[in-house]
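The next part holds the structures, each set out as structure tokens.
Below are two complexes that have chain A in common, paired first with chain B and then with chain C.
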Partner chain A sequence: MFSALPTVPLLSLTGITKRFGNLVANSDVSLDVRPGEIHALLGENGAGKSTLMNIAAGYARADEGRIEVRGVPQEFRLPADAIAAGIGMVHQHFHLVDRLTVAENIVLNDEPGSAVLIDYKAANGEVRDLSERMGLPVDPKALVADISVAMQQRVEILKTLYRKADVLLLDEPTAVLAPAEVRDLLTVIRSLADSGVGIVLITHKLDEATLVADRLSVLRSGEIVARFDRGDASPAELAQEMVGREIHTVVARPHAVGATVLSVTDLEVDDSRGVPALRGVSFEVGESEIVGIAGVDGNGQAELVGVLAGLVTPNSGRATVAGEPLAFEHPRSIARQGVAHVPADRRKYGLVADFTLADNFALRGYYTAPFSKRGFLQRGVIDSLCAENMAHYGVKARGVDALAKELSGGNQQKLILAREMFTSPRLLLASQPTRGLDVGSIETVHGRLLKHRDEGCGILLVSFELDEILALSTRVVVLFEGRVVLDRPRSEVSREILGAAMTGAVAA
Partner chain B sequence: MRHLTRSTVTVAVGVLIGVVILVFVTNGSGLAPAAILVSTLAIATPLLLAAMGGLISERAGVVNIGLEGMMIVGALAGFLISNATGSWVAGVAGGAIAAGLLALVHAFVSIVLNADQVISGTAVNLLGLFGTEYVFRTFFGLGSELPAIQRAPTLAFPGLGSLNIITIVAVVAVPVLAFVMFRTPVGLRLRSVGENPLAAQTVAIHVVKLRFAAVILSGVLAGIGGAYLSVGSLGSFSEGMTNGRGFIALAAVIVGRWNPFGALAACLLFAVVSALGNGFQVSAGISADLTAGMPYLLTLIAIVVFRESASAPASLGKPLR
Partner chain C sequence: MNRLQVALRQVALLVVALVVGGLFIVLAGYNPFAVYGELLAGAGFNLVLAIIPGNPAGISTNIAAGNLFATINVWGPLILLGLSAALPFRAGLFNVGSQGQYWFGAILGVQLGITIGSNGGLLAAFLGAIVGGAVCGAIAGALKALRGANEVVTTIMINWLVVYTGHFLYGYAGPFANPVTQQPVSVPFPEGMRLPELLKSGITLHAGILVALVAVAVFGVLMSRTGFGFSVRTLGSNRHAAHYAGMPTKRLTVLVMGIGGAFAGLAGFVEITGTTGQITGSNIVGSSSFAFAGIAVALLGRNSAVGVLLAALLFAALQSGSRFLSGSFPPELASSLSGVLQAVIVFLIGANSLFSYLGGLNGIAARLPIRKTQGAVE
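Moving on, here comes the complex of A and B:
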């Protein structure tokens, strides 16, 4: 794909070093991106990818090193300087104003019209034109709060393109998308590159990187450890470079399933806007069984887990745990029935970010022994139990007094899992347990889930990752528009069958 | 106007109906509707100015509980400067500037030092209330005769009565602010800063500058509201003369759901009940304590009825870092 003529890189970072106290986030890192090229930047959580991109986009300043745009040295003091130089960044967590429209978000601070009057007609028109030209369809007049995550991401990309960015820094753009949306996004990225834009794609999804990138750089502990051209490295080799050791993909082996733990019958639930989300869902989970709930996001998965965890009230239907009716709406009673919950949004529902690890560990059982005695918290017991379980689950932190927000996503998730499994539950609701985690943490979490399954725990696994569903599940259930469209043993489904079922193209 | 929400229209219509009914009530009691209307607008003037100020600050994401302190500083500075220069315009301008400077303190403490905005605002209130007491006594001592100052002029409206020129400014400020807020680039940027400052930063909006400007403008408007009390309507100053109006203005912003017309409706509601109370006190001999308490009770009820935190700017009260 390289032309014979030497091309000046659109953006080049040379010898970038960034320290936070004693921690070296980037050490002598060099990276460039040429016009028309997709350069994938791979690395585990905490490897320094985001720090590097924040430096390139003016959000942080390097301690050492040079930034050049089209060969001209730059000094970025503010994000505005980077924007002016044509560098647009799309953060992993979007920076959008929910209560403004799509068009308002895109034209903000560069509004068409005069200084005293925004020309809303022109704004909506320009946004519509741009979105059609770039293959990123959006409704200019919709409120950002009302549109899907995939569409919000398009708004973020359009924001940078509206400002004539010719370098796009995309920080894990596929982490929030469903498989079909990922394909669409990668197609758009490719066509943007073909139109001359240079793209840096941060990811830890190796198959996507190998599929779409022209060049790949691997960052580990703040240093570039490997560089490849398209086709020179397999996902397995990349994984090894990222982690620094060999990775073993877990595979579920056939095993015996015990008595029914969870039985759900004709469950009907409305979503938060009152629209039916589950329309008569029935299935079962047995002891030592992992039932994988597959489907595109927004087909009722969140409501299903919400009902079973006691957070959402069903309209009708029944659920029993070990034969006993589930105490809808009472999370504590549900917990006492032996149900544990690893929520999809760990930062919002899984942990209290400003609490210590010990306090977070005690969150589920703080009111019972051994965490408390006669109404008093047993500090010493909590600390030692937390430390013990952290070691057990491989949570890396400076101690039980560290705050939850200091931990990487992988370590947070391991802590949540350790807490939830502490009481040896009958049933574990695991909602997207590896979302946003790096390969090393995914390996740990998967290994743990299989171990708990072997010990008799029934697991309801909700995931948008087909690979995860296929690797772990004993049975696979596909939800489509609030209905079960497929419920079969793992051995009787393939990726193709699941893919078809997820779009509603298969009858149950 | 596309941003005028249905709830705000409901509030406005409700107030309108209330006003009509109350005016109807006054028919039987010998109170003239035109006089009540003029009195209502006069009472609403300082509230409106301070509420518009509070609205600007809060839309930019900075809680401004210090309106009361800024108003009293505006009232005293207006009186002193009007007295010194003999010009009501200079007095009002001086009040605006003095309150703007006090707002600058609040802006610095909450935006640069990232301190808690409610505490900073409380400090501003205490500084305003006791600072003005100190300065006032330094100039005039206790219980001495105050000099007469030039007051802001009134304009006569046939069939209605005469309105203070500052009252007209206050009423006109509402649609102007609504236009700026919802139709102009600077309004869009201001709202984005109050909703999601990080998003504003990513498109090169200078969040700190804009918040500073908003808080200072908020002080300037509150200062004019305070100066109306001394220079506009009374031609005099007394300690603590703002008497909680800054807090009522803040309540009006919340009841009005951070919309200029909603805040206008809330201010008018408070003012019309005050005006009627004053009227009844005179004509029907109802206890002054009872009629004076009514508007505050009503404000409390209105806050409970119209509470909806969902319409508050999403980043209200949160420092940038």
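Moving on, here comes the complex of A and C:
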């Protein structure tokens, strides 16, 4: 380790302040990263982590404060300036061109060859060499559209390394990965650091941060509120610093399961490319039961929820809700059968970003009482119902006429949950209900799910977070390559059993 | 951005358009202030000056009122054409088919009215125009909903179908051409069945504007107060969310294009039964500016009821006022001038969207490869 020597930091941010109108996103924030070090930056959504990293990577400019690289003051006007100074950023949402190959993406704008012609052979060779040297194997000739999310992330990292970055800023890199992929990534990050690169790891996953980081800084409401060295803080302490109060981890008390609400039999579905995604799936959900669907992303979960919500057409198979055949392909009829749906992609499906909260609350039921009478919207009723339910679910906003896009992810999700539960459904399809949420919101959403379960609602919970599945589920079903490979009560599974089943290593 | 800011920005766009138009006038060697003054007077807007006690500007109230009536007569159809683009825009659909919908509505309405005769002929023409326009629009909507055909392409194709069919029907010896006079125009819509006259001052103000005002009111209420309008807005803002929420997205696509077409058909009804009373084959072919005037009105009016009303008035004034340019500008260039102004407005609306897309002035400044030297020394 380098920590014994007083090293000049690779990157140091001092007294950074950034305002957006009246909002102070960063207030006098200082952060540095030394060679060979992983510095974790923790904070809830909206704490100002991404703003700070965007300033460090030249995407935004600070109102006050200094940026130094190896002790030399810098002024980044453009991302290109930051790249030239050796700073590479991997965004949470990738910046790749789907239609180009891996190698083309990596060398983009810095291509080997003459001014006119690109030397593709050299590009492929250079990329192969680089990826082998860094322990990040990729196929240079594969199209980005054809490779997995984890692979795409590797391409993003290689892109920065190809530009000789020695500081890597990683924004929530594990948010999109399966557990095994997370382990791989953390190993790679460690070995990159050991080769002398400085890494800033933005995350709100506390166990990952405590596992891999040499130093940890906690950002809350735009200010650094705590700094720790490796081993000085437990995940619980970190969580408390992030939220500013004590966190109660939700523990599901068991509850008696009632009559069958959802019964799925031999369901077969193709994905959008026509490849079989579900190959004969059967399971049941009862009243007051939470069935957790575990599995690595892309093993049929999205298609399963899509079919049950009426958004995807099944090839064959049956599904019944309270004994009645499910109205496939008709989202509104399915809703009328008492099925609610919290979609995985809340910004694409769950909300209309430019609509007010009141309009978003009325999104499902706008056509019928009490939201509308003889075809005319009842604005007063909608506003008061929305306000009432927002208070009930703890949605923080300036009012019912705020726009959905103004809300944080957590508040958006609480609004969606409030809307979906408004009709007291008998079945809730909850797909990734806490993805991307901060600790406080996760606590609220989990509490709500359990409350609805206790009131008799059957819940189908799809999640890539094993902890979430294990904490909430009454039964656990594991999907692997479109088949149910495990279906057992929660009490009969462990993290190890699930982990094995998710890779297809265990038969049902 | 709140409503006031949006409105102010649209006004600012208009001012810039007038300045750019003024530069064109200067380039042509004329005085822009005189030309704009005459445009306003030609549109009859100088009538407000005549109200000043004593009439110091010496305005002829009769002439001014007549000019204003001419402007209002153009205003009505432009409102309706604006609505025919605005409603689909709200649902995220681009209706370029106002021209075909206008003429198919006009043809169906006029022929039906003439066939039925004095007893209910005007009502028949009114309903026929609505149905004709709606069918044209709904076909494009259905092709989009069922087969995913791009409505921009299909509406343009339908335009050509209608235009050349119309040209044939009312051409020399065409089946609907006037058999008595042997001319390439329709049988005149009987005088007694025309749209009622409201006022007369040299030029007659017909009831078309009332039809348009009712249509705007219906549009406004539909969009802001009904469940239908809510679903249309949802479809236009986020079609994935509309599908997720269980809205009948396919049916909505057909309905929205159909209603948009009905508005355009009504524009045809108002224009024919309010003014000439005849469909002329050559007019059908030379009418491509209709559809684009509607789109420009909808864009400038931000697809809102009030916005369409005001934007249509502006374009009506440009069209109507430019006919009377005399001393300050050559009359033969006058219609080109109103065309230039319309084009500049549409261009600025596009540029404005690009401007917002680039993140405003700050965003554009950040993209410029200019370096401040002072910062690096710090």
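Assume the second predicted complex is superposed on the first by the 505 of 508 C-alpha atoms of A that agree within 3 Å, B and C clash if a C-alpha of one lies under 4 Å from a C-alpha of the other, contacts with A are read in each partner's own complex, and residues count from 1 in each chain.
Quick note on the criterion: a residue touches a chain if its C-beta (ideal position, glycine included) is under 8 Å from a C-beta of that chain, and two chains touch if they have at least 3 such contacts.
Everything numeric here is computed off the predicted structure, so don't read it as measured data.
Peer 1: For A:Glu111, using the defined touch cut-off, is the partner it touches chain B, chain C, both, or neither? Pick first, second, both or neither.
Peer 2: first
Peer 1: Classify the contacts of A:Val149 with the two partner chains as first (chain B alone), second (chain C alone), both, or neither.
Peer 2: In the superposition, A:Val149 touches no partner, neither chain B nor chain C.
Peer 1: Figure out whether A:Ala236 sits in contact with chain B (first) or chain C (second), or with both, or with neither.
Peer 2: neither
Peer 1: A:Val8 contacts which: chain B (first), chain C (second), both, neither?
Peer 2: After superposition on chain A, A:Val8 lies in contact with neither partner.
Peer 1: Considering only the touch criterion stated at the top, classify A:Leu78 as touching first (chain B), second (chain C), both, or neither.
Peer 2: both
Peer 1: One more residue to check, A:Val97. First (chain B), second (chain C), both or neither?
Peer 2: Only chain B; A:Val97 stays clear of chain C.
Peer 1: Report the partner of chain A that touches more of its residues: chain B or chain C.
Peer 2: In the superposed model, C touches more residues of chain A.
Peer 1: Touching A:Ala353 in the superposition: chain B (first), chain C (second), both, neither?
Peer 2: Only chain C is touched by A:Ala353; chain B is not.
Peer 1: Pick one for A:His330: touches chain B only (first), chain C only (second), both, or neither.
Peer 2: A:His330: touches chain C, not chain B.
Peer 1: Considering only the touch criterion stated at the top, classify A:Ala369 as touching first (chain B), second (chain C), both, or neither.
Peer 2: neither
Peer 1: Would you please give the residues of chain A that touch chain B in one complex and also touch chain C in the other complex?
Peer 2: 78
Peer 1: Quick one: which bits of chain A touch chain C in the complex? Just the residue numbers, please.
Peer 2: 61, 66, 73-75, 77-78, 309-311, 330-335, 341, 343, 348-355, 359, 362-364, 366-367, 371-372, 375-377
Peer 1: Could you pull out which chain A residues touch chain B in their complex?
Peer 2: Contacts found on chain A: 78-80, 83-84, 89, 91, 95-100, 104-105, 108-111, 113, 115-118, 159, 163.
Peer 1: Provide the residue numbers of chain B that touch chain A in the complex, in ascending order.
Peer 2: Answer in residue numbers: 183-185, 188-189, 191-192, 195-196, 198-206, 314.
Peer 1: Flag every residue of chain C that touches chain A in the complex, lowest number first.
Peer 2: Residue list for chain C touching chain A: 225-228, 230-231, 233-234, 237-238, 240-241, 243-248, 366-367, 369-372, 375-376, 378.
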